[in-house]
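The data blocks that follow each hold one structure.
Here come two complexes built around chain A, the first alongside chain B, the second alongside chain C.
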Partner chain A sequence: MACNSGSLVAEVVVIANKDNLVKLLTKKQVIDIYMGRTSLFPDGQAALPIDQETDSPIRKLFYRSLVNKTVNEINAYWARLIFSGRATPPQTIDSAQSIIEFIKDNKAAIAYIRKEELTDDVKVVTNVD
Partner chain B sequence: MNICNKLDPQVIILCVAICFSAEVAALETHSPDFKINGFGTVGLTKNSDKDLGFRNTVSNKGVFDEYDWGHNSNLGIQANYYASDKLDFGLQLLAKERNENSLNKSLQWAYLNYKISSKINVRLGRVGVGSFLMSDYRHVGFARLWTHLPTEFYALRPANGIDGIDLKFKNSLFDGLFSTNVWFGQAQYDFYSDDLNEVKLKQLLGSSIGWENDSWNIRFTYNQAKSQIVNNTIRPLEQALQAASLAGWPAAAEYADLTIDNKMIRYYAAGMSYDKNDWLIQSELSIVDADSKLTSGTLSGYLSLGRKLGTVTPFIVGSWVKSRDDRLIMPTAPVASYNSLQHISQYVFNQFYAAQHTVSVGARWDIQPKVALKAQWDKTWVDEYGSLLLDRPKGAIAEKSQMDIFSITVDFLF
Partner chain C sequence: MWIKYFDRIAVRLIFNITLVATIIASISAYIFFEQTYKAELEQTRTSLQQLVQAVSHTAAIASYLGDVVLAEEVVQGIAANDLVKAVVLKTESKVIASKGDISAAKEQDLMRFSLNSPFVKTERVGELMVNVNYHLIETYAKNAAKEHVVLITIHSFVLIFIIMLLLKYQLVDVINNLVRKLHVISPGSGQRLEHSAKHVHDEIGLLEVDINRLLNSVEFTIDRERSLRAEVEELERRFRGIFEQTSGGIALIDHQGYLKVHNPAFEKMIGSKRMQRLTANLKESLFSVIDVETLTLQNAVSRALKDNAPVSVDLKIFDNDNIDWLHCMITKVVDDSDVPVVEIIIQDVSERRNREHSLKIQAELDPLTGLYNRRAGKQKIQSLLDDSQNLDIEYALLMIDLDNFKPINDQYGHKAGDLVLTTLAKRFIKHVRSNDIIIRWGGDEILIFIMLKNHDLNINTIIEKLNNLIKQPIIIDEAKTVTIGASIGYAIFPLNGFELDLLIHRADVAMYLIKSDAKQSTNISITKHHDSHTDMST
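Then we have the complex of A and B:
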């Protein structure tokens, strides 16, 4: 298996509860959930998106890969929606461990973590590249 | 600092109290049910002109040839409570420089939001409405590229929301989201000129239809309302002209119906924004149709072009506004005894004409994830008598004017 030893970019994966009926989410479906355009999974179940910490590199990487926007731009986007009283941003949880715990306990939750931090407690629904 | 004198102390205390209680609440429970968010701007503005005051909206006194810290500074706090999946409540307070501060004026939003379905929701109370692209977040400096909104487009409509009801339908369409809103209620704002006039917009009915995806945002809106304006000059003038028309000046009759009260005003607007590959383009156009002899409405628009260069985004904006009809001219008096009535009439007519345009250049620097620093220079050309948007203590000025406005802001979120 060839290995790109020069690459330092960790792969980001979107994870969900193992009992969640959703098997796969397209990049667009993840975008729609994380940008507040929908609060549902494609099958109509409620979706609860979780963000990593504001200043974390993984959050920066996630939004860069997902919608090609910086954290500032995402903050400005949410500021428009929050302060016009229209939508609410994803909840923030500090660490990958706490995130995984939360996903285990909440069927509706989805989150993004580094591939290395993946455990058997959750399943991957999207590979963000 | 003059800003401290102008902000209502009650509001400051309230803001501090909310922040403190939020800290306590966050420590006690990790509950997502109750959220506090805030925004603010510290802004410095200077105008080169002594006679015409620059202002963000017609509700405020203008900035003249001085350094002003209050005009473009504010602090907003919003509390949201999520009672269930379907129901949430919002409250927003905004502290800023106002001619008269009160809790009512500081209360931006106070609403309940109910999700009827995944595609339809309704909001009731004091809510922001999307009359124009940036209306309902016009005070959030961090959310926009420029230090202030293009005044030619936004200054004459200071109201950013309504007391009423707003219904929204949304559905995915192509690779984006289609949405349409309908709202009904009333709005009010102050029009500062010599004395403060309050304007009420009653039976306000509006709708928007739009589509957005990651790069594009397009919206068309229509609003109509009945204006209720308290102005002490117009009625006596109308009576004088009516009397004159019956006593030697029949032509005056044509000008005796000047009222801007209880007239239907219609606003038509189209707006777009494009954000892709480091280019930012935004533009809006609007036609206002007012059924009054004093003002038949305005045409206005702007085009903004920005380019992201790392954390700095330089931009250039062109904006303009013009009254749809030419300035109203009072015919010459038939006899010398009516000369002063003619002058007074013409003086009043001159106050209602708008004709100006601005070119702005500036840059935004994103220094922290929630802090932005901006600097902007506006050059404004005001046509003869066209200063309706500006603060003019000596009344509308006949000569064409040029103004340079410099503004710097630090915009933040918390």
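Then we have the complex of A and C:
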């Protein structure tokens, strides 16, 4: 799988606010949140998914690992849903530092970063591989 | 033309082609209809499936997200197809979009598409149900199939029409043309088929050449037969001329005597009355028209047929009072038929026969009186006597000697004497019966041989009659008449003898006795001499 090649280069981890009650998310739960099927965590709290920069390798790696799709395919998916308004794509934040900062301040936020960029300010809810 | 309409090749050809083509077109139309119908049905179903397939990704997304707007969009898109009656899109838990009433749809009219999550293929997120209007599909398929059949039919008929045109121009017209040309040619007229330039190298050309060759040979045969026939006719004319003009009567008859052919000479000889009987509607046989000679001719014909050799006979036939003698040469004719035929060649030999007859008469009769001469008369009497030996018949032999004949001769000349003799001869002939015999026995002696029928004739009466005949006046010329007497002696057969010479002798003796007795005016003979004087009145 593409995840294998990803794991050689880098390991992607899904992170959340330390205060978030959710301890661990399944891959399916991550997909449903990121693909707009649900805007809630399994415990019923609101979930706010954060995307990395559009052209970043980490974003590419994340979607490849998660749903085995290219970023273009994910963009096309969202483009199809633009007019229905039922679901909206995740918000984009530039860098890993900014993302960690944002999550520290936002209890509902959920994001993905490289494992080596991980700090103690956030907690890992899923290892994507 | 001269051929019945349906017997024409062209008509039959067109009929047969049309028939076969119609049958083939019908069968193929049926097959095409079935095939087209099935294909159309399948095609429609496939394209419907493809249509749904095309939107199934979007439908999957809609049901994954439970996105009603998107789901609506998908459902409207599918329902826009007129083959779709109703569409329902639902997630695992509820219907998120629908168009039309799907609840009434039968299960077999439903197309169901399972929708999986766009991201996790194994996760089923919903279902898309399409109620297909199969009736409409079938109608479309039928229409398409019908169109197909119509096209095939039109195509077939156009093809038939073209084939018929080609047949007409390339075959039927050519044959008709040939037939028409050949029909007006009568063999022997020297006409030939014109070679058509278009067909020099094909079968028609070959046929024309062969027909002309055949006409040549037929004409040659006809010419030869004509000249042969002319020869035969000429020959026949000549033979007929010979047959018609020959003096010999020629006829062909069958074994029963029926006439087949004859020539004019035959007709002339056989006589017109007999000819009528031979050729009438109810034909008579030649055998039955020739009077007394039937058996003679019949025998001769059967002999000729049996012996294969010519047979000749003389036939006596009566033509009014005349007797005709026909010499017949009868020959068997070799014929192809089974009925035997004989040829009869006849010649009229009456003249010769009559001449012979008159010669015979001359030899037997006294030229002056026409009475039998002595030799012939004796023969006749002898033959009568020969026939009468055993019969109870009496004959009287009378010897008549004229008295005073010599003085008449001397006084009036030989002519007068001859006249006396001929006159008396005529009287005797007139008064005796036909089978009595009168002989000029000597110069003035006459012998009469009379049958006395069973004694009913008295000899004295006879003598008296004779004397009466003799003493009738005899006219010498206009101025002179003489009366003469006679001495008559007689002898009776068989009373006075059986032998002729003896009878003659006895009669002679008796006659002389009377003569001398008369001269002595005595009357002692058996026969009385009543009148012995000579009257020489003027």
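Operating definition for what follows: the second predicted complex is superposed on the first by the 121 of 129 C-alpha atoms of A that agree within 3 Å, B and C clash if a C-alpha of one lies under 4 Å from a C-alpha of the other, contacts with A are read in each partner's own complex, and residues count from 1 in each chain.
Keep this in mind: contacts are C-beta pairs under 8 Å (C-beta built on N, C-alpha and C of every residue); 3 or more make two chains touch, one makes a residue touch a chain.
Computed from a predicted model, the values in this text were never measured in an experiment.
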item: First, second, both or neither for A:A76, with chain B first and chain C second; value: first
item: Partner chain in contact with A:A46 - chain B first, chain C second, else both or neither; value: first
item: Chain A residues touched - chain C or chain B, whichever exceeds; value: B
item: Touched partner set for A:I31, first chain B, second chain C, both or neither; value: both
item: Which superposed partner A:D55 touches (first chain B, second chain C, both, neither); value: first
item: First, second, both or neither for A:Q91, with chain B first and chain C second; value: first
item: Intersection of chain A interface sets (partners chain B, chain C); value: 28, 31, 35, 37, 67, 80, 83-86
item: Chain A to chain C touching residues, read off their complex; value: 28, 31, 35-37, 66-67, 69, 77, 80-81, 83-87
item: Footprint of chain B on chain A - complex, ascending; value: 28, 31-32, 35, 37-40, 44, 46, 54-55, 67, 70-73, 75-76, 79-80, 82-86, 88, 91
item: Touch list for chain C against partner chain A, complex; value: 58, 61, 64-70, 73, 118-120, 123
item: Chain A-touching residues of chain B, taken from the complex the two chains share; value: 32, 35, 37, 39, 76, 78, 80, 82, 85, 88, 90, 92, 109, 111, 113, 118, 123, 127-128, 130, 136-137, 139-140, 142-144, 170, 172, 175, 177, 214, 275, 311, 366, 369-370, 372, 413
